[in-house]
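As written, the chains take the letters A, B and C, and residue 1 is the first residue of each chain.
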Amino acid sequence: MSTSQPDRELVVDGLSIRFGGLTAVESMSFHVAKGEILSLIGPNGAGKTSAFNAITGYIEPNGGTIAYRGIRLNGLKPSQIAAHGVVRTFQKTSVFMGQTAFDNVLLGLHLASRQRPLAIIFALPSVAREEKELAEEARRILAFVGLEARGALLASSLPYGELRLLEVAIALAAKPRLLLLDEPVSGMNPSETASFMQILARIRALDITVLLVEHDMKMVMGVSDRVICLNQGRIIADGPPAAIQSDREVIRAYLGERYTRAQD
Amino acid sequence: MKQGLTIAWLLFLASVPLWLNNLYVLHVLIMAGIFIIAAMSLNLLLGYTGQLSLGHVAFFGIGAYASSLASLGFAVHLLPDWQVSVDPKPVWFSMLCGTLIAGLCGWAIGRLSFKVRGAYFVIVTVSFAEVIRLVALNWVELTQGPMALNNIPYLRLGIPGLFELSFLRKPANYYLVLAVGVICYVVIRRLVHSRAGRAMIALRENEPLAASVGVDVTRYLVLATIVSAGMAGAAGALYAHYVRIVDPDVFLFIYTVTMVIMVVTGGKGTLAGPIVGGAIFGLLPETLRALEAPPEVQWVTYGVLMVLVVYFLPDGIVPALRNWWHGRSAVAAAPAPEQASTEAAR
Amino acid sequence: MRGKIPNMDQLLQHILNALILGGTYALLGIGLTLIFGIMRVVNFAHGELYAFGAYMMYLWVMVLGANFYLALPLAVLLGVMLGAAMELVLLRRLRGADIDTTMLVMIGAWITLQNVEQMTWSGVAKSINTPFPSSPLVLGSVSLSWNRLFVFVVALALIGATYAVINRTKLGKAMRATFQDRDTAALMGVDINWIHTATFALGSGLAAAAGALLGPVFVVVPTMGDLASLKAFAIVILGGLGSIPGATIGGFILAFMEELGAGYVSSGYRDAMGFLLIIVILLVKPTGLFAQKERIG
C-alpha cells in the first residue's frame, strides 16, 4: 500500500494505448481517491473505454503504469485484477444470457466462494454449507438492485433496463472495492436512470469507490464528486462537476469551435 | 420425487442381468455403457465449458493402452542401450494407472491447447488424436502396432484367501460398468453444481464477463480437461479389460464423432443428455445389425441424424423434452390465474 | 542408389517428389482456406470432395470408358456441382449460426458421403488407368513418372486459374470484399448468398480436382478423404486460416516435410508430419506463418 498518498485508491500514470497507428489514449495520468465517484466523460472515441480496458487487464497498454492500492496492475490477467477488488461492467450489455437472473448473480459470486475441486468431488459438508450461504448472498444482491422478483426468469427474457441492473448485480457479486461502470444508463429512460442514481448512492454507502464512464450529463453532474474530461486521448479538464460544466475546453470539445466563439 | 425417480432407474438398471438371459444383448448394453461414460466425460468439456474437443477418443485410447500395458507388463528401448521394463501389475491398479495417465495427458493438452480457441482448438485436438493413433500404430515394440495387444487380463478383486470377484463374465462386467458410470455421473453432477462448474458455465456463456468477476479461464478449462480426460481414460480401461484386445483402431476419429453425436443429440450441457444420446446411439447399431443392414448404413444414419438434430433439435433431446414438459404443465396451471382474474373482474 | 554421391541423388529425388506432391496439396489447401476465410465454415467434408473427384474419375474412365483428358474436367465439374448443392441444401439455412454448429453439420455430411461411397463402390481399392507411358522420365540421377508430371502441371495451372478468378474477375472482387467485411460488402450490393454458393462450389471443385489428379497416381478408396481433410487443415493452419498465398506455400511445405520425414525419419510417421506441424505452429505462432492479421477465437 502506498504510504505517501493513502487516499489514492487507483493511480494511472502516463497511460498510452495505440491500435496500429491510431492513438486511443496519450500519456494519460489521473487518480481515483478512496470513496469518491469519479466520472470520465468525453466525446465518442476520446479513449474512455480504452482506459477502462487497460485498467482491468483486457488490453495491454503501450506505455504507462496502473497501480491499485500500491499494487501494479500492468500485466495481470482480468481475473487477477478482479481478485484485487477492481471489477468492471461492459459498455454493451453483458450478462450470462442463457441463465436465470439468480444464477447470473451466483456465477458472479465466484470470488466469494472458496470450494476446492477435491472438496467438491467428495461433497464435503463445508461445500453444502457454503452453497447455502452463496444462495442467500445472491438473493441479497438481487434485492439490492431491485430484481428480487426476477430471480427465476432467464436473463434473455428480461427487459433492457433490468438487464443493465443485472450487470451491476453480477459486478457487485464479485465484491468490488473499486467498481468501474461503463455507460451503465445508456439506453435507459429517465425514470430508470433516476432509480439507477439511487442504486449508485447505495453502492457508495457500501464504501465502494466508483469510476464511471457516462454520456448522460444529468447523471454525471448529479452523482459525481469529480469529473475528468477526455478529448482525443488526452485529459483536458479535471475538477468538480460545476467547474467542468463551465470549462471552455470542455464546451469546445463537446460542441465545437463555433459554439465557444459565439458565446464570447 | 426426482430422487425417487433416480433410485427407481438405478434399481431397474441393476436388475437387468437378473431377468435378461440374452448374453448378446447384455454385451450390447455393456458397450453402450462404456460409450455413455465416454460421452459423459466429453459433455463436461463440450457441454459445460463449450469447447468442442474433437480429439476426445485419444484419452479413451490412452486409458485403454496404458491400462492394458500395465497389466501385461512391457519392455521398451527408449534409447538403443536403455531399456525400461515394467512387470505385470494387478488389473485394478492398471485401470487406475490408465485413468491417471489419461488425466495427466488431459492436463498437458489443456495447458498447451487452450492458448487457442474456436476452429484452431478443434484442429489441435484432432491432430493430437491422430498423432497418438500413429504412435500406437508405429511404436511396435510397445504397442504391438497393428498386431494389437492380446490376452489382456480381466479384472479380479478380492482379498487373497478370503474371497475373489472375477470380472470375466458379462453380468459382472455389466455391474462394473454400471458402478463406474454412476460414480462418473455423481462426480460430474457435483462439479457442475459447484463453484467449479459455475465457472465453466460462466466462461461458456460469456468469457470476458466471467474473467471480470474473477474466473481464471485457463484454470477451469484445464480442470475440466483433466476430469474429462481421466473419465474417458477410465472408460477406455473398462473397454480394454472387457474386450481384452486393443488395437490402434480405438483411436479412430469416427469414435470421437460418435461421442460428439451422442452428446449433441442427447443435449449438451445437461446431465442426462449424454446418457440419453449414448443409449440411442449405443443401441442403434445393434438394431440396424439385427435388421441385417450393412455397417455403412449405420454410419450414414449417424451422419444424417447429426445433420437433422442440428437443424431440428439444436439443443438436443433432453432440453426439448424438458421444454415440452414445462409447456404442458404451464398450460395445465394456466386456467387457475385466468379464473382468478375473471373473478376479480367481476 | 547409383551415382557418385548417392545421398545427394536421394535428396534430389525427395525434393522432386515433394514439389510434385505440393501442387495437389496446395489445391486442397486453397479450397479449404477459401471456404473458411469467406464463409467461416470449418469444412470437415473437404476430404470427401477430394475422394468424390477420384471416384468420378474412376466412374468415367474405368466404368464408362471415357477419354482420360475428358474425364478430368468432367470430374471437377461434378465436384463443383456437388459443392454448390451442399451449400444450398446444408449451409444456406445455417447462415449466422456459430462455427461449432456448421462444423457439426459438415461432420455429418462427411460421414454420410464417405459411407455412401463405401456402399456404392465397396471398400476395395480401385485403380485408374492412365494414357501415360509406364517408363519414367529420367533426368540425370532422378526419375519422375509422366503421370506425376502431368498432375503437377495441371495443379499449377489450376492454382494460377484460381488466383486469376480471385484477383481479376468481378466474382473474385466480391469474394475479397466479403472476406474483408461481410456487412459492408452486403451494403455495397454484393449478393452474399451467391458468394457463399460460389465459394463453396469453387473450393469443392479444387478439392475434387486434387482427387481426380491423384486418384490415378495412387489408388481410390472410400477412406482416402480422411487424411486429405486433415492434411488440408494442416496446410491451411500453416499458412494462416483464410490466406490463399499461405495455403499455396503451406501445401509445398507440408509435402517437403512429409517427403523428408518419410525418407529420413520413418515412413510410418509420414502422415504424422502434418499433425505435428499443426500442433507446433499453433503453439508457437497461432496465426500461421503468412497471415497478416487473424483473430483467434
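To be clear about the criterion, a contact is a pair of C-beta atoms (placed from the backbone, for glycine too) under 8 Å apart; a residue touches a chain by one contact, two chains touch by 3 or more.
Because the structure is a prediction, the values reported are computed rather than measured.
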item	value
Comparison of B-C and A-B by number of C-beta pairs in contact, larger one	B-C
Core chain by centroid distance, with centroids computed from Cα atoms only	B
Distance from the mean Cα position of subunit C to that of subunit A, given in whole angstrom	49
Where subunit B and subunit C are represented by their mean Cα positions, the distance between them in whole Å	33
Where subunit A and subunit B are represented by their mean Cα positions, the distance between them in whole Å	42
Subunit C residues counted as touching two or more neighbouring chains	none
Residues of subunit B engaged with two or more neighbouring chains	none
Residue ranges of subunit C in contact with subunit B within the complex	36, 42, 90, 93-94, 99-101, 103-105, 107-116, 118-119, 226, 230, 233-234, 237, 241, 266, 268-269, 271-272, 274-276, 278-279, 282-283, 286, 296-297
Residue ranges of subunit B touching subunit A (in the complex, touch as defined)	187, 190-191, 193-196, 198-199, 201-202, 205-206, 208-217, 223
In the complex, subunit B residues that touch subunit C	52, 112-113, 115-120, 122-124, 126-128, 130-131, 134-135, 137-138, 253-254, 257, 260, 264, 294, 296-297, 299-300, 302-307, 310-311, 314
Subunit A to subunit B touching residues, read off their complex	56, 58, 77-80, 82-83, 87-90, 94-99, 103, 106-108, 110-111, 113-115, 117, 120-121, 123, 127, 131, 170-171, 173-174
